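In the two complexes below, chain A is the common chain; its partner is chain B in one and chain C in the other.
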Partner chain A sequence: MEDWIISNIVTALLLAGFVGAAAAVRSSRIWTDAAASLWRRRPIALLVVSFYVAVAILDSILWVGGVDAGEDVVSAHEAKSVIDRLFLDARERSYSAPLADVEFYGAKPLAHPGSHPMGTDIIGRDVVYMALKGIRVALLIGGLTSLIAIPLSLLFGISAGYFGGRVDDFVFFIMSTLASMPGLLLLIALIMAMGRSTLSICIALAVTSWVGFCRLVRGETLKLREQDYVHAARVLGVSEFQIVMRHILPNLTHLVIITFVLTFSGLVLSEAVLAWLGVGVDGSWGQMIDQARSELSRDPVVWWNITAAGLALFGLLLAVNMVGDAIRDILDPRTLRESS
Partner chain B sequence: MSPLLEVEGLTTSFPGPNGDIPVVDEVSFSIDQGEVLALVGESGCGKSMTALSVMRLVPKPGRIRQGRILMNGRDVRQLSIPEIRHLRGHEIAMIFQEPMTSLNPVVTVGVQVVEAIQLHESINKARARERTIELFERIGIPDAADRFDVYPHQLSGGLKQRVMIAMALSTRPKLLIADEPTTALDVTIQAQILELLRELQRESEMSILLITHDLGVVNELADRVAVMYAGRIVEAGTRLELLGHPSHPYTQGLLRSNPALAQPGKPLPEIPGVVPPAEEWPEGCRFANRCARVLEICESEVPESLALTATQSTCCHAVARERQNA
Partner chain C sequence: MVAYVIRRLAYGVLVVFGVLFFLFVLFFWVATPDDIARRALGEKAPPAAIEQWKINHGYDRELWPWQSFEDNMLFAHYRSMLTLDFGRSDADDVPIIEKIAKGAGPSLALTVPLFLLGLVASVMLSLIVAVFRETYVDRMGVVLCVLGMSVSILLYIVGAQFLIAKLLRWFPISGFDPSPDVVARFLALPLLVGLVSSIGSNVRFYRTVFLEEVHRDFVRTARAKGCGEARIMVRHVLRNAMIPILTQIVIAIPFLFTGSLVLESFFGIPGLGALMVEAIQGNDFATLRAMVFVGSVLFVVAQVITDVSYSLADPRVRLE
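Showing the complex of A and B:
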């Protein structure tokens, strides 16, 4: 199957997931209250995050055709997203400064004078467009990696904490082994071994980042295992699996959400580091920054590339962190008890 | 008629530095249908461990060493995992000391009871919900229908304990193990919960194994009483016998130290010392080092059970010698 079809299917599933999650939030009073109080505390950060998510989704809906072939026949047959289509005829031949009317070097007239708010890059691509394209990559890295790392940590952490003994020893062996290797080296080695693709980079990031959360889950499970309601469930004849699903897992939810939000930003940053080392994902902000590094030594300086990528990265991480902090405050059982 | 639950020579032990330590030692008792047996004793004397052994829920690394546990004539120790799971909850239910933490904080109380019902009966959600609300009403939870969708932290301790009772009774068990059911509640609520337990017990012909250190609770609820000390049952008998004519020095001491019976103006008598930890239990009679009537033989020989009447029996060298002399 072609990539763009997969992307559309995944987007559709994600949208369905959003709708489902929204319905679930509406059906439970705890979650409705939490959502309302999140909106009260961090309206701007939430709007910013929503904007990023919306752009990423628009960038993931792709279809072929509907494009005037013009002189570029090949690109007319490629699938293009909504964002691509918005910036279709924004190409220049070379650098343009923000909102300039002529090319940056040589002062030839531009094809679209005054229409590039953040200028263009070396081959004339609009920088705003590039920054917007980076959103999908960033969310993909943060999201997909968390989606691999969190279930892995939950599986290992809960088994280790709940069953103890041999299982615990085994999990601890894996965790200490991973923790004793230099993270960045392992990361690069894994990417080299699997080949450089978005998926393999996500897997490599997941493998190097699940240990911390796993330890947290193990500790929390150790605590929950001794709770009276777990004893009560056992007395009622509930099976071990059911106890984990109904009593342990739901009581870890707040941890999962908090960790997801907080590791998310860490992962996006890690990708920037990887891009700087030349093993990043194509089209990411990390790559933009990496390419812009050399431009900083040009005279006169080309500053808008790195600025745009940096601002986009900064905006996303700041907003996600602010939302994450608020979610942690809201879901912390101690504050929950005080407010009720 | 054979008793509902019959425990014979039950020994449950935990591994210690110098071999196994039996925290429950050769305990035998039986409960008839519709009977309330109180297991009385100080903290750390093995009451709760006895109850957990009956359900085969002794926490690791402890294990049942020997003895027979017959529930309805079937040996609990021989049951397979699915069978024991069916026994728990369906035939034997349990309520705990701490209602505050015995409910899952992230699930509404109604749903928790519904799940308990569905665990042992194939019944649809709507029916189970109706049953739960009926149960809540029966158990004296005001506004039962509204309380269904409430989270545990929104309920008071007394109401939580009622929910726990509702959950335990949802499957109509034959035996209810109540492990200090009123200890964590304040006095007025205690009385209500005891009243409720008694009503429910009479109504449904259910048996109760009541674990407590509170002789007031024993007086309210029990038909028969077994007094435990340091892993052994030292005296057993009907409520009237034990509260009226206690024979074992430990039982006598417990009764004397009950504030309700204290004489005004005089200091409350107490049993000197505390229950020694399990690894320091003496040979012979374990109460010997705290006993006012201690004899030489007490330090070396374990006293045999001595039948005083058809229903009362005691394990005490001093009592045995007295009767020999008489």
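Showing the complex of A and C:
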């Protein structure tokens, strides 16, 4: 199946997931109150995050055709997203300063004078376009990695906390082993061994980051296991699996949400460092920053590339950090701070 | 007490064995010696050259003990790592242990001052913010911390190099010279960048820890007895907050040796971090393996020290 069809299906599933989550929140008083409280505390940050998510979704809806072939017949048959189509014929030949009318080197007139708010990069692509494309990559890294890491942490953490004994010892040993390898080194070693595709980078990031949450889950499960309703369920003969699904797991949901949001920014930052080392995901802001580094030593300075990527990165991370802090304050003031 | 230390050390040894096994699986099974040979010699190398390369580096034996008990790679791997006989680098054939010894000096020259300065600065700033809790000083402090945390270290580095080194010309952009009269000039900028990039998250963490203690009853008692705020902060709050802070400190010690990959590469400091980056870019698996192992051993040692110091600082822990 074509890549772009898969992308569309995944986007559709994601949107369906959002709608489902919204319905679940509406049906429960606690979650509705929490959501309202979040909106009251951090409206601006929430709007910023929503903007980023919207752009990422628009960039994931791809289809072929509807493009004027012109000189570039190959690209006319490539799948293009909504964002791609907005910037379809904004190409120049090389660098140009923001809102300039002429090229940066040579002062030849541009094809689209004054229409590049942040200038163009070395092969003439609009810098705002590149920054917008990077949003999808950043959200993909944070999202896919968490999708792998969080279920892994839940599986090991709940098993260790609930069943105790040998299972606990085994999981604790694995956690200690992984935790004793320096994070960045382990990350790079994993990527070198598994290859540099987006999936292996996300798997590597997940392997190096699941231990922290696992410890938390294990601690919480140990506490939850001693609750009266769990004892009662066991006496009534409910199977262990059902106890876990019905009593333990739902009581961990707030921790899952908080951890997801708070570790998101760390993951995106790690990918930026990986990109600079040459093993990042294609099209990410880290790659933009890495490629733009040498431009600062030119005279006159080419500053718009790195500024755009840096601002986009900073904007997302600041918004996510603020939303994350607010979510943590609303959902769980004590547990995380005690154990962090 | 002694029994506790011995127990923790024994567990540490077990963890080191686990780490070695994980490294073996990663570097000999997930990425086979054939892959490594191909990356070193090039994709189109003839099978004979690959075999020869594998024989030269000792990668040509059977992998697992059940395939060949006397001469298999798993035991060879354990033997060489545990005796610190790391062999030669895959890339340039220099003995790895030489490279590590040479790189340790510059790494420590950067990370030790960075660590000490960072610790002092973070603790002082977070104490100040804790004293002025709930006021504008506190709010501003937290906002600045979150802002600081949201900027990637790459941007701090690029910004510092551009503004301070290129425009203002106060310090060199990169490079390293160990002679004592100029070494400070070369370390100033990486120190500054390292400090500023990590102070945000550190101050936030320590502030949380201090604020936990400040609301305790014993603090209220001390204040009721007439202790000044400064005295309370240092003698009561700081002392009781030492435990989580101690954990952070001891866990950070292994990283002093492995160096900061990013800082060292950007600022041209020939330490262990730069060695790692070279190994990555040169597909030098042997060096990579050795470095991860060294880092892990240091980490395990640091964790044992943490646990022991925990039990000294907090008598309740010893009774577990």
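Convention: the second predicted complex is superposed on the first by the 332 of 340 C-alpha atoms of A that agree within 3 Å, B and C clash if a C-alpha of one lies under 4 Å from a C-alpha of the other, contacts with A are read in each partner's own complex, and residues count from 1 in each chain.
In this text, a contact is a pair of C-beta atoms (placed from the backbone, for glycine too) under 8 Å apart; a residue touches a chain by one contact, two chains touch by 3 or more.
This structure is a prediction, so every number in the text was calculated from the model and none was measured.
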| item | value |
| --- | --- |
| Contacts of A:Ser176 with chain B and chain C, given as first, second, both or neither | second |
| Dominant toucher of chain A (residue count), chain B or chain C | C |
| Partner chain(s) touched by A:Met192 [first = chain B, second = chain C, both, neither] | second |
| Which superposed partner A:Ala272 touches (first chain B, second chain C, both, neither) | second |
| Which of chain B and chain C A:Met322 touches, first, second, both or neither | second |
| Which superposed partner A:Ser239 touches (first chain B, second chain C, both, neither) | first |
| A:Asp168 touches, of chain B and chain C: first, second, both or neither? | neither |
| Touched partner set for A:Glu295, first chain B, second chain C, both or neither | neither |
| First, second, both or neither for A:Asn251, with chain B first and chain C second | first |
| Which superposed partner A:Ile30 touches (first chain B, second chain C, both, neither) | first |
| Chain A residues contacted in one complex by chain B, in the other by chain C | 337, 340 |
| Chain B - residues contacting chain A, complex | 55, 57, 84-90, 93-94, 96, 98, 101-107, 115-116, 119-120, 149, 151, 153-154, 164, 167-168, 171 |
| Residues of chain A touching chain B in the complex | 29-30, 227-229, 231-239, 246-247, 250-251, 253, 333, 336-337, 340 |
| Touch list for chain C against partner chain A, complex | 11, 14-16, 18-19, 22-23, 26-27, 30-31, 146-147, 149-155, 158, 161-162, 166, 205, 208, 212, 254-255, 258, 261-262, 276-277, 280-281, 283, 285, 288-289, 291-292, 295-296, 299-300, 303 |
| Complex contact set, residues of chain A against chain C | 173-174, 176-182, 184-186, 188-190, 192-194, 265, 269, 272-273, 276-279, 286, 289-290, 293, 296-297, 301, 306, 310, 313-314, 317-318, 321-322, 325, 337-338, 340 |
